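After this come two complexes, each holding chain A, first together with chain B and then together with chain C.
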Partner chain A sequence: MSYAEPSRKRRWLAGLAALVVAALAAVELFFPASPVGEIVAIIDANYVRSVLRLTVPIAFAALGGIFAEKSGVINIGLEGLLIISAFTSIAVAGVISGGTPSQFQLWIGFWVAVLASVLFALLFAVICIEFKADQIIAGLAVWLIALGLAPFASKVIWGQVNSPPVATLNNFDLLVVEANPPVVMMLISVPAAWYALNRTSFGRWIEASGENPKALDTVGVDVRKVRYAGVLLSGFFSGLGGAGLALGRVGQFIGGGATMVNGRGWIGITAYLFGNYNPLGAFGASFLFASLDALQIRLQQLGYNIPSELIGIIPYVTVVVVLAFVGHTRIPAAAGDHYESGEE
Partner chain B sequence: MSTAVHLEGITKRFPGVVANDEVDLEVEEGSVHALLGENGAGKTTLMNVLYGLYQPEGGTVHLHGEPREFDTPRDAIDAGIGMIHQHFMLVDTLTTAENIVLGHEPRKWFGLAMDREQAERDVRDLSERYGFDVDPTARVEDVSVGVQQRVEILKALYGGADVLILDEPTAVLTPQEVEDLFEVFEELAAEDKTIIFITHKLGEAMEAADDITVLRDGKNVGTVDADGTSREELAELMVGREVLLEADKDPVEMGDVGLEVSNLRVTDNRGVEQVSGVNISAREGEVFGIAGVDGNGQSELVEAITGLTTPDEGSVAFEGRDVTDLSRRERIDAGLAYVPEDRQERGLVMEFDLVENGLLGSQHTSEFADGGRIDWGHTRNHAEDIIEEYDVRPPNADAEAESLSGGNQQKFVVGREFARDPEVVVASHPTRGVDVGSIEFIHERILDLRRAGKTILLVSSKLDEVQQLSDRLGVMHEGEIVDVVDPERVTEEELGLLMAGEIPEDAPSIADAPGGER
Partner chain C sequence: MAKIDEGKRRMLKIGGAGLVGTGLAGCLGGGGGGGGETTTESGGDSTESGDGTTEETTTESEPTNVGMVYATGGLGDNSFNDMAHKGIKQAASEFDVEFKNAEPSSPGDVATLQRKFARSNNPDYDLISCIGFVQTSALKENAKRFSDQKFMVVDSVVERENVASYTFKEHQGSFQVGHLAGLLTSKKDFSAGAGQTNGDLKVGFVGGKEVPLIKKFEAGFKAGVKHANSDVTVSSAYAGAWSDPGKGQSIANSMYNKGADIVYHAAGGTGNGVFKAAQKQGRFAIGVDSDQSKSLTKYSDVILASMVKSVDEAVYRSVERTRNGNFKGGSVQSLGLEKDGVAAVYGKDLGSEIPDSVKSSLDSSREKIIAGDIEVPTKPENV
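On to the complex of A and B.
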């Protein structure tokens, strides 16, 4: 009974959002010269394309976070994994080519970066699963280490925290559209992740591992292995996200401040909470947050000066509102708990 | 028939205790076998040895005549043993079918996807074969505890089990669900499955089992045929001495009205009315029993009387004094003792030792704390007195409450409350989870209070308990007292109807006057 209502609320919210979009479209159609009309006019195919590119790191971080947390290991180090892979992709592509990498060398950088992120996640998994460290503290450590290590390595290689511009992956023709490779990977990964979680045995195991690991253990499935798989997948997806950000959109590594990742891993966490651990919902939320970001950039180009910091807090405010008022983001019952087989 | 399980000379030690001392157990194939014993008699330990959770220091496990060694539950499961624990091993967010096939999911598309249709078909077939009513598409969190238990049984059967071990399977069930479970046992035995269930309830062992093995202090003290034994024999085997199953209730001179509840209405925190106009008038020297299926307003009634919740309407009076607006502490001062239904939640602070727990509720009285400083010496003596009188084990006042078994926790709580020298005693399920010997003891203490002229309100879901101890018995249904009956003349069938909210024609009703006159 308590579960039907929030989902109805969610549907209601989705309906409201659709109505707002329709109203805005109507304004644009009939009053193209009004400020609202002008703003809506920016929303075209190009805008959507740029939003999708901005969605890549957020959505991949969210997918990774879902696998880790549903298996029972809360990975708040996603931001760190994005930083590691963003840096590694540029560094590897830059170093093996001496500065102007070919597409092939960019792809080598891309996959080495994914590997680096997976290895980092493995380290996190060993600390959390074997040594039973507090997952939150270990996750923060992953972020803080990445935040220090990447700019430092950047200085060692290039003498400064930012790399010189390297290159981006070429778009390719997919049927009628010009497709950005990381965006295509994302659009394949989201339904694939949904399918894996909801329609395969592995998905049931992930769910059981995060809800009642003992139930899984007693039917003979190794909870540790399932949790390792969940965390390593979070490394894999974050790797795609970080490398996709660096090589798919920016083309260089920026290590100053919060680095070029700039909180997108954290927004990924809010996105999957917003999406209630459903990859499709998490993707929708990632897309929404990215579109707000892109809108702010466009508005600045149009001369409307909305502080980017204000836009930047929108995901966090939204997630607090969603968690507090819409309710029912169901956190896996055993998330954050260590599991020892044979415990009584 | 052949022997399905044969345990030979099983010895299992834990630091400081011998949990199983050369225990032999033989279970026939296709039979229902009860493992009966008091709390801490070693029943669960023995079954955990069979299930591979514990490695015994001595002895052999034979399964279908073959000596076997199970290093992990996995080995036992592979050998066809399934165990259903008290706490279910289910994933709430998955469907019943997904839980049942967990770990053995049928696959399709070269193993890539789980075949849900196949899983649901399998579960439906299995469920129908044993006459279970389980919807394979329902989520576990949406089905009742009784159905969850069946899902656990189906899970074991799906995994290929032919020997099923159930640890206290009735503890979480309603009386109706218990009946259903015992029917399930019969169905399973008819299909040549072997069932071993752990219980400390005599009646259940006699009703559901073919054979009963009694454990006491880690030893097998006898295996008996369920049809050829009596409750008295079993109780004596369990406790090691003769047990009075029928409490001796001598007539007592009743005094003035000690507890008066008038037109009480209580709404719970979800806004649902749980107590709808209850009137009780219990006299000094009287035990007023409340029977009913759990969840029909008994808890809320007790909370309103003890001051844990505020009624919407009506009043409560102790010894003629209106206490409706008094706080918990003021009610204790007015002579209230309260044995709460959940000892771990409300009766004890689990992290405190028994000295501190013995002080709870009296910490402000001059006996224990003069001028705000607690007299620990006196407090310790008080706790040790309770431990001695109520035979709390281990007899160590410095032990933390959580280190005690449930039955011993309960004895300590009962001892503390009865030691208050109360005028009004509210006892909510005072023997829940307590073994036979201790039940007898607690019943005697309640009757002592009655003899001493105290007013006692006894709430229990155990019918034999309320029937034996009460002078008058009110039956609650949906927040109302349906009828007040004479516990000695009412039959179980009549009580069953009353608990369902119907008034049988010739129920021995008593008007609200003590003494049995209409």
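On to the complex of A and C.
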């Protein structure tokens, strides 16, 4: 695999993107009334803020997916983990407070939800690692169980699939901007995840566990433990994403149809594949998908009617194109395989 | 240990993504969307029958048995299904009626539940109520198969001799709330509860999925706004989902940020995000289907009004008629503003703060619509 080629290609792409942005800015400056100017005018501080908030669950799911898959366990149950944590956060905050949670109780709900997601991921890890279940099937099961369990539990608690609304986490002042807690967590988590994967020995173990578990085993690191860590981290990050969506933004659990998570976990998977297992790339892809969605919403209001269904499939089309044609996304060699240590 | 080659793994992933696409499509289908241009308007006058005079016409002493098949949201949805349930309970308390509820967990269950009621001999169901558009295709089959069984369907039309169809003129009710929004946004400094208007002449509409049924809401709303003040612009957007409040919130936020001060939603659970955004931004919203200021009390300080569809009335009426021997198979009842089939219901907290002049304007436009002096379009492009 040659590394020089893609990086030059990427530099080209970056240059091209910068040119496009500059051209659009020029249009906006000199021809503010043209349709292009109208569209460019959409992009302001409110737009970026809105996109960042839309990015939260997608990017967290993507970060989680990276850790699990790099360690060798493909976790396609991220959507399910988001649903579980979204539900748990609202349920816990609502139940401990009797319906009107304080900020402190909201934070309890938030962290219990993260814990619930980690426990669910642990269950998935045990099934995949100890019982050697097929990871794809087990991952689908995680999703399907969450999809049924959360609305069911809602009915038990509230007598209906939708929870009553509760308050959301307060924004706080960070330097000059008003910061949304889950957004701040995301902006910290992305570089932290990148650092952990690329600059620490834990990151190297994760990498080795997915690429060549035998070698890792040979140097005396327990592959099982590394894989457990990878999957539990996927639960942790998905938990942040789901609870961030429910408590950082919406303040309610909606259990009908595809639930309020509505496919964000799946888009997270496409985001990390598109980002080639790099947390920064995955964040970039999540941000891109979220910004397309936000753009589409605003174009509709201007009367440019792009069906939302069409925008909705962009992530999936992108990932197919990237996997099939661009081909720089390389799945870890041992991902999906069980590893049996030599020593009995 | 099975060694899966890389190609196969890729296939699995892509397959997974594909499966998700179809899976989600399947899941989302049930939300209550869909619907064609239905109303053929038969017998607005025939609805007069049997007002309170049911005792005389009842000849049989046996109770009327009614099987209720709800839409996929299930009971406890604070709107559609709960309204239907309310209607059958009302009928049961007034007449000698016994009913049984069935809640399908997916659109696929609907046909089975309909059949189960139709086949039953103990009790033999006099009427099977099918609630929601989701029932349509299953009912077409079953009405043909069980041609002696009486059915009624809400929100859809099935043209068979043994099916009575009930639809709503959602555009008329939406016109009313549009009229309200147009009048209030024209007032620079109207404030009530947690919201206030701004100087901009802008309001918004958020739809769930872009289907003809929801387009009727949009069309009526736009026409109503225009009727109030033709300078007011309406921005509208569809979320593409019934259960995504996060998306509803970001759509509403973008509208409020661009100067809208009142947003009307017809988007099911997605619409809850609209209320959230209204509350955060100190603006107003308008609810749908049921009085949402009562079902979502946390947001009652921003809900000006709700466009209520009286599904309960449709269910109640069909049971009453079945008892009277007056069941009109093959007919389509289209319930409009007249007799409050649809209505703009003011929010429980904000209703009292809406100026009387606005309310009386709404009353007069309501009368004009009923009298036919105002024709409300059903397609947004005809506004």
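Just so it is clear, the second predicted complex is superposed on the first by the 328 of 344 C-alpha atoms of A that agree within 3 Å, B and C clash if a C-alpha of one lies under 4 Å from a C-alpha of the other, contacts with A are read in each partner's own complex, and residues count from 1 in each chain.
Assume a contact is a pair of C-beta atoms (placed from the backbone, for glycine too) under 8 Å apart; a residue touches a chain by one contact, two chains touch by 3 or more.
Treat the numbers as computed from the prediction; the structure is a model and nothing was measured.
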item: Which superposed partner A:207 touches (first chain B, second chain C, both, neither); value: first
item: Which of chain B and chain C A:300 touches, first, second, both or neither; value: second
item: Partner chain(s) touched by A:98 [first = chain B, second = chain C, both, neither]; value: neither
item: Touching partner for A:215 - first (chain B), second (chain C), both, neither; value: first
item: Partner chain in contact with A:165 - chain B first, chain C second, else both or neither; value: second
item: In the superposition, chain B vs chain C on chain A residues touched; value: C
item: Contacts on chain A seen with chain B and repeated with chain C across the two complexes; value: 333
item: Residues on chain A engaged by chain B in the complex (per definition of touch); value: 195, 199-201, 203-205, 207-208, 211-212, 214-216, 218-221, 330, 333, 342, 344
item: In the complex with chain A, residue positions of chain B that touch it; value: 53, 72-74, 77, 89-94, 98-99, 102-105, 107, 112-114, 116, 155, 159
item: Residue ranges of chain A in contact with chain C within the complex; value: 46-47, 50, 53-54, 57, 74, 76, 79, 136, 139-140, 147, 155, 158-162, 164-166, 168, 245, 249-252, 254-260, 262-263, 266, 269-270, 273, 293-294, 297-298, 300-302, 307-309, 311-313, 316, 319-320, 323, 331, 333, 335-338, 340
item: In the complex with chain A, residue positions of chain C that touch it; value: 1, 3-4, 6, 9-10, 12-14, 16-21, 24, 27-28, 30-31, 72-78, 204, 210, 235-247, 249-251, 253-255, 257-258, 268-269, 272-273, 275-276, 296, 298-299
